[in-house]
């Protein structure tokens, strides 16, 4: 503290002769900082309409409005955020929560108007050149306003390290590749309670998954229940739409996870594993669910096939009080699930858990009963009030190349390994196909090689028409197969099965694929006939797809069954086929060919059957 | 006679133009010390045009009368103050002309002293009618401040009158032009007068009458529209009158209007610089200050003058 | 900026003077006040355009409402607005006066300021930057040019309606109506 | 002026009731004081807050833990940053969150920058109050330079919304350290100008010396903190008493004065500003690398276990506290801010104004460094 | 200091419950009548800074919980001691119906505005307070606005939304 003086103050007079520090706005301008939080920008191509921005907004400044020009599709709603600058506080929480990172704040910051209605604004990135960027006259000298925004004038935008959502999922404990190729133990160990809650906590509840799920499960509800540590409540939510959680929790094709908004810039929420956690953590479904079937109506329905769609339709019908009788040729429930997915993915015990619960509701199962041979389809039609066909695709397709009859068929191979005596495998196995079944086959074959031929030099390869980027198998499957040691030969097509002198399989001659699909997108492979290679192997398994087997339906009736263009059974909105009182669902109806779509079909058909039956009475 | 009429018209006109110019200049000078550009110099004109056209809310006849009286008083004061020129015979100064002071012969300093009090009293009258508590506080401050600077001011005037032995400003000016300026002949008075100059001008550090931050511009609190425009003009003329008086008494007036006005600007600038670097004082400090240093100096000068005579 | 165009001055001196002599009554209603000192001080220097702050509403013609308005403040705002002489312009800052902003669910702040007094310009932002304030002023200039800055005319014309809204909120306001009910607007309504 | 005057005929001498504020150039913030005046002396002063009451603590009960983060800074517009700090501290304590070390340093630097900005604003307010525009204008200009730094770091000029639970919202941009140093040097270069024109100005000394004097005992009894207390000689500073962020990592001093009047308070503010700048330089040198944010749980599912806490930090005006109760839900159950201006602006102001001159109302109020929105919340 | 304070509190007052929910913090639950005495005792024992006086509404329990947050100013001016980090929460529970409490202004003078605020926002009456007049609010509310059963969103919808826009 110096001595107060009156003269020292006059030092300030020096500023009279200095240049002022004033920024002569608007003649001189200062750019806002690169991080400036101004008005919003939204890249409509990236935006999924998930609505997280509207949920996080502390001021309810964001409303989701319908955007008619956007086509809704799985993982994208036709809604876009609309901002009210009479509410917005420019905090940028919406930017930090935005899963696709489409919402950003620009460095434009002024909008002045005498009309409050102009402060409501639908941000959309528009590439505008400087000429059209200039504002209308009433904005006088300066450049921007709400209607005229520069896309390249981005300010505060999302940063992966500072997102409000957690982009990484809780890792699922798994058996290591070295260990798992030695046995058929279940590869995935399942979440513990803590892990499941942690994973469930990642969910943003935007419900994109629910729209994407064919069966429209109430995913965010059951995930919230898991988060709140109420697995029984979660199970109840699941059972509203899906009666086979133990099966689905393991092998579902996860349309939801593809749609998950977290998947855009991170890993999707492990919805399937959480479902699996729910079903595994409940010992007794009956106690947890407390579902009471409606009083019996006396109506009976025959269900052909105990696969996912058959089980589901029986479940839903039982709840409505109808008596369902399920016929299946296999010794147990699950249908294709029982034989298809290898035991390391879907153990038989899990299937039986779901089936047992369905049976406990009063559904009668007649296993080892093949319709068409053990019981006639016509009899079913006569004996029951309605018939549901959930027969699935049970016959493997063959490549029909030369000597193809020497090959094994995928389904037989899988079925024997799972519920019969395992196949004896060769040293060098070639699997034809690039789908999930091919992966299952290859990985099973690999395991069998390790089990049956320990210490020997063995090899499993796949050959697929499709190249890496078009391979129909899921990435996880491919990745896991690679980890276990399966070799891939993508973009090669089988030419012929080469036999040695003794007529044993010697290898597969392949030709290079030019393209898989024709210009119209139809499956029509073409090859470079001159590029050929020979894969050596002593065992070839064909896994190129399956087809339905309608042989049990009498030909006369078969004539009345209508099919769609894609060779699927045609059903109406009630799931009813063109045959009277015959309903259908599952792989013979839909093109997704997976369990959850089958469940969705079953739910529709159950409603249809119920409507039919109640209208009769 | 014609010259006299021209002078009567011309001299308030000059005062008006210069006053408005001074107001503009003051804003620019202050702005520069603030390290900014400030408004254009003609900004006060814009303000006055705007205010003239604004709705004016009156609080009674007295309220309006105060404005008119204050303005009239200021304009009349101008008539008594020489605005440059000389009474010396033509030829002794180049460019010189007759003294520009319409009423130079009557009253002189004594009238000016009275008339200078007229403004504050009129405003006090008008502001009192507005019944705004801030205005009444402002008025009481204004009276106290007038009291504060009147004491040294009167002493200064007395010293000068006794030094030059006249009450005619014109006489004093021409005496200075003949011999030394007042700053040299009555230096202590000049210092004292400069010290109370901000108080007389009503600028910082003695702007406590209209302190916007304390009493919401005090007496002017209820004045708006054209009353405020007139009061702005009055304030400008008052500023001009005070500085002109200072120039006349201590800086030898001006041999012509131009030199006179240049001196006015110089003094004004000096006063503005003081105003820019000092904070506002409290009224009791103002009283104490005015009654110590300036009063002491003025008293000393008077004693010296009287003794030396 | 057309301040230096003498022709315009000769053509419409009143509008021009209104434009370039905006004396602001700023009401520190809320956060927006924090950007007013920068605007009127050295960095941005609004005085370049003749904008300066005045101490009493009687002397001003620009009313800046700088942010959210609580009930207690609204009363003072209405009072201040009515004390200002015509022509007067109002500019509201930030989100809050437009639609409640941050305090959209607060029991003590009003949500739409234009229900109680007329507003000539709204400046978006929370808070508006000093630049935005300047642009708000240019907006006001444009409005004055076009004769659209007519908030004070609307206020007298629809006074009954404004007064009704004010009384809906406060019950008795505590001072008599600015425009007595026999005003032409009221007659036209009746 | 909004209200008129009402002469009360309690005494033979005329007693005026005078309203100071809310629309008043000398009033920083929307606040009003009702004064009973006899002559120039104040007989009784009643602080009349509430013009800025928004019911913050109620609103916070309706918003989730994350949604409250942009809300809290609005409590105090002059220095929103310590509001962010106190909220982050409260949430971190209740939820048991860890903050990376680099984030702690950034927090300290950020808060000290805010303190400099806030003190410059205080300087503006004080000298503007005295009608002393010159240093006021400079201070506001220099504050704007600090705001430019904030804009670059956080994207906002005034509301930075930067310091959130778990760390800070973004790391320093490239070259930001240099720009902090550069800006602070350019402001520091003007300290002699401020000293000669303002702090050591004889008239300012005359104006502020001995005004609004409070003894240490009274200050303690009335709950004073911050400069008000430090100007009476007590080195009470939460940054030392209960260090948070990175304040215990570097050496620094708590400036104090003995007199307890307005003049010593403004000097404490000045010294504090300089100390803060030095502290920023030290913190910048010592700042480690690494992460600046530990991700908090998903904001839609963030629940904090039941509990209550009182955390405090030193804002630029004194002890800023936060009492927060969680009932285990996703929203705070009860929040109560202890803002430094609350005792300063209500209890102490009323006491100090008694017997003062009208000319010193604004002087007293601003020397106590009162920020009205903080009182009203 | 904490343990000695705790034991001395327990021995001096029979009816208070003292807990230490976390390091450096004591929680004292006192019956509402002995509150001023407890506070005075604490003040005399070094806790001379009433940082905050708050109130929490617990409608399920039918109680208001009034909380006095105490800490220490510096006893000496030489160094910073760990005592200063001590916080004491003194709490009293009062029923939600006709809530009333003894004012503590004579112990801590700065409690005055806090008590006024709590009176206004929660409707708690403080006996002996010289001026329990409104502090913040312009209008009266049927339910004091900080009580849990006052729904501000509903209030806004009922109060502000019906006001029509001005018809032009």
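Note that the chains take the letters A, B, C, D and E in the order they are written out, and that residue 1 is the start of every chain.
By definition in this document, a residue touches a chain if its C-beta (ideal position, glycine included) is under 8 Å from a C-beta of that chain, and two chains touch if they have at least 3 such contacts.
It should be emphasised that the depicted structure is a prediction, and the values quoted were computed from it without experimental measurement.
A.B. asks: Which chains are shared contacts of chain A and chain C?
C.D. replies: B, D
A.B. asks: Which chain has the mean of its C-alpha atoms lying nearest to the mean of all protein C-alpha atoms shown?
C.D. replies: Given all protein C-alpha atoms shown, the central chain works out to be D.
A.B. asks: Of the chain pairs C-E and B-C, which one is connected by the greater count of C-beta contacts?
C.D. replies: If we tally the C-beta pairs in contact for C-E and B-C, the bigger total goes to B-C.
A.B. asks: Report the inter-centroid distance (CA atoms only) between chain B and chain D in whole Å.
C.D. replies: The answer is 44 Å.
A.B. asks: As a quick test, compute the distance in whole Å between the mean CA positions of chain D and chain E.
C.D. replies: The answer is 23 Å.
A.B. asks: Would you mind pulling out the distance in Å between where the CA atoms of chain A average out and where those of chain E do?
C.D. replies: 54
A.B. asks: What whole-number Å value describes the gap between the mean CA coordinates of chain A and chain D?
C.D. replies: Centres of chain A and chain D (C-alpha means) sit 53 Å apart.
A.B. asks: Pull out every residue in chain C that's touching 2 or more other chains.
C.D. replies: 41-45, 48, 53, 55-56, 70, 72, 102, 104-108, 112, 114, 126, 129
A.B. asks: Going through chain E residue by residue, note those that touch at least 2 other chains and give them in order.
C.D. replies: Where chain E meets two or more other chains at a single residue, that happens at 136-138, 145, 150, 152-153.
A.B. asks: Out of chain A, which residues touch more than one other chain, so two or more?
C.D. replies: Residues 6, 9, 12, 20-22, 24, 32, 58, 89-90 of chain A each touch two or more of the other chains.
A.B. asks: What chain-chain pairs meet the touch criterion?
C.D. replies: Chain pairs that touch: A-B, A-C, A-D, B-C, B-D, C-D, C-E, D-E.
A.B. asks: Chain D touches which residues of chain C in the complex?
C.D. replies: 25, 27-31, 33-35, 37-38, 41-44, 53, 55-57, 68, 70, 72-73, 76, 79-80, 102-103, 105-109, 126-127, 129
A.B. asks: Okay, in this complex, where on chain E does chain D touch?
C.D. replies: For chain E paired with chain D, touching residues are 21, 25, 48-52, 54, 56-57, 67, 69, 71, 73-74, 77, 80, 84-85, 87, 89, 108-110, 112-114, 134-138, 145-146, 150, 152-153.
A.B. asks: Given the complex with chain A, which residues does chain D contribute to the contact?
C.D. replies: Within the complex, chain D touches chain A at residues 63, 66-71, 74, 134, 141, 148, 151-156, 159, 161, 169-170, 173, 193, 195-206, 267, 291, 293, 295-301.
A.B. asks: In their complex, what parts of chain A are in touch with chain C?
C.D. replies: Per the touch definition, chain A meets chain C at residues 20-26, 29-30, 32, 39, 58-61, 84-90, 109-114, 116, 119, 138-142, 146.
A.B. asks: Could you pull out which chain C residues touch chain A in their complex?
C.D. replies: 1, 42-45, 48, 95, 98-102, 104, 112, 114, 119-126, 128-132, 134-136, 138-139, 141-143, 148
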